[in-house]
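Next come two complexes built around subunit A: one with subunit B, the other with subunit C.
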Partner chain A sequence: MVKRVIVGAHYGLKDWVIQRVSAVVMALYTIVFCLTALINNKFSYQDLHQIFSNRFVKITTLLFFISLLLHAWIGIRDIFMDYIKPTSLRFLLQVSVIIALSGYGIWALLILWS
Partner chain B sequence: MSVMTKKRPKNLDLTTIKLPVPGIVSILHRISGALLFLIGIPLLLFTLQSVMGNPSDFQIIQTLYDNFLIKLVLLTILWSFLHHFCAGIRYLLLDMHIGIELAGARLSSMVVLAVSIILTILIGVKLW
Partner chain C sequence: MKFSIYRFNPEVDEKPYMQDYDIELAPTDRMLLDAILKIKALDDSLALRKSCREGVCGSDGMNINGKNGLACITPLKDLKEPVVLRPLPGLPVIRDLIVDMGQFFKQYHSVKPYLINDNPPPQKERLQSPEDREELNGLYECVLCACCSTSCPSFWWNPDKFVGPAGLLQAYRFIADTRDEATNERLDNLEDPYRLFRCHTIMNCVDVCPKGLNPTKAIGKIKDALLKRSV
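Take a look at the complex of A and B:
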């Protein structure tokens, strides 16, 4: 019988929660956006441009992107942990993904407020 | 001790074993997630950028997205998103202990597969 003390280390509980909370945030954003666009049939450049010029929409879109980047990081890291065994290669790939996702976050921020 | 060394039946013949439907949904959830990371996120940002830019930027992506090969990529990403979305909701329900019996889990995985393909076709037809 292995006596494992499970106090202290959280064995990925935080990641598990982040993955689900970010999923719910993105799902709600997507459903609300798609439904309002579909109901009002707003797909032209003017319509979309106007929607994303609204400050409330900008802020919720940024929240969506923050959720997306966290969600993508945990998901891709899990894939690497499962399939990429050499530590050096996995480290290199994980660092590349973190840099790419950080870049995407800055890009989103610049798109929304520039 | 004899129990420990007993030969158990083992079948690893890939031509006779197959992944059950919940397993197929699971691996597709992973593949679609990888596609969304590799293609989906840059595509989304590129599109949002052109919407926030001036009308000529939007014109450029409209002609770009009219290209047949790019339409195939868009369709693949659309399916990836819808599958990831539907399978994700199924996992959230499973986390809440909803549909964890074998029959229910099998049924819901088939629903996920079917709904995401049907929605991809419907939205694909509507967009083009």
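Take a look at the complex of A and C:
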């Protein structure tokens, strides 16, 4: 009889690191964004349009959204791994989430560069 | 003192039920286990595990007023009445307060909780520097009572895949040991979204550990070791 050897699946570390790093990126962006908004105190459409036409703001905002999507993906995948036991259903849900999140990403990109 | 104790005998009962007891305590009855043994003297059908009665053997782990702990080192004076006693959550109940620890020990064994060093042993013993030995404090004291793992939601949902706080604490105990030579294999064994990364730092394990250990910290150190190895 062959005894099954227990070994790790050799992944998981990257996801964990990405979740931590993306959280830091989002926290920094949120703090800086809120502070500048409060200091400038300008919230009209014109003001916001001007702020977001700056290339640096566009890029950092896109970084924020990439972090958000990665963070959300890992979090939701973890919830599915805990609670959704049937493989086919879990796979279906995971694919749907990936498609939805990718859609949100493209949408964010279009808004930022429109 | 009033008690409400989980009762289930699969040979007789269809469903588990809570049974109330009201007993007179003597001034010498200081710990919860003293009271339970008094109850058992009145009702010998009550089943529980116990042995050393001083928090060393880890047999009498149970859920006390909603929190896991060892009955033998839980002072009666700190408990709110009625004291509700249930078996450790998340493991199959064999009878009353006795649970099947099979799954728990399976995970414990999966981390190879023993020193691996293929070099011929020296004449006397394998030595460590005091600093290296210091690293094992807070790791080796675990008595395997399962209070931590059975309070961990991640272990409840995936007891067959997640090693659990007790197993991971022991895994780190040997990763941290400078005499052990299987660090890489140990890290390989744990690099897995279920085996290690099911831990979401809920920290119930730290909250309940009767020995005051910190499995969450040890798990964090395993993650750090994995990160160090990969960058």
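Keep in mind that, in the parts below, the second predicted complex is superposed on the first by the 103 of 114 C-alpha atoms of A that agree within 3 Å, B and C clash if a C-alpha of one lies under 4 Å from a C-alpha of the other, contacts with A are read in each partner's own complex, and residues count from 1 in each chain.
In this text, contacts are C-beta pairs under 8 Å (C-beta built on N, C-alpha and C of every residue); 3 or more make two chains touch, one makes a residue touch a chain.
Being a predicted model, the structure only gives us computed values, none of them experimental.
In the superposition on chain A, contact is made by A:L68 with subunit B only, not with subunit C.
By the touch criterion defined above, A:I79 lies against subunit B but remains apart from subunit C after alignment on the C-alpha atoms of chain A. Contacts of A:V17 after superposition: subunit C is touched, whereas subunit B is not reached. Once chain A of one complex is fitted onto chain A of the other, the partner contacts of A:I111 are limited to subunit B, with no touch recorded for subunit C.
Once the two structures are overlaid, the count of subunit A residues touched is higher for B than for its counterpart among subunit B and subunit C.
No residue of subunit A lies in contact with both subunit B in one complex and subunit C in the other.
Interface of subunit B with subunit A (complex): residues 30, 33-34, 36-37, 41-42, 45, 48-49, 51-52, 55, 58, 85, 88-89, 92, 95. The residues of subunit C lying in touch with subunit A in their complex are 110, 154, 157-158, 188-198, 200, 223, 226-227, 230. On subunit A, the positions that touch subunit C within their shared complex are 6-13, 15-17, 78, 81-83.
Per the touch definition, subunit A reaches subunit B in the complex via residues 20, 23-24, 27, 30, 45, 48-49, 52, 61, 68, 72, 75-76, 79, 97, 104, 107-108, 111-112, 114.
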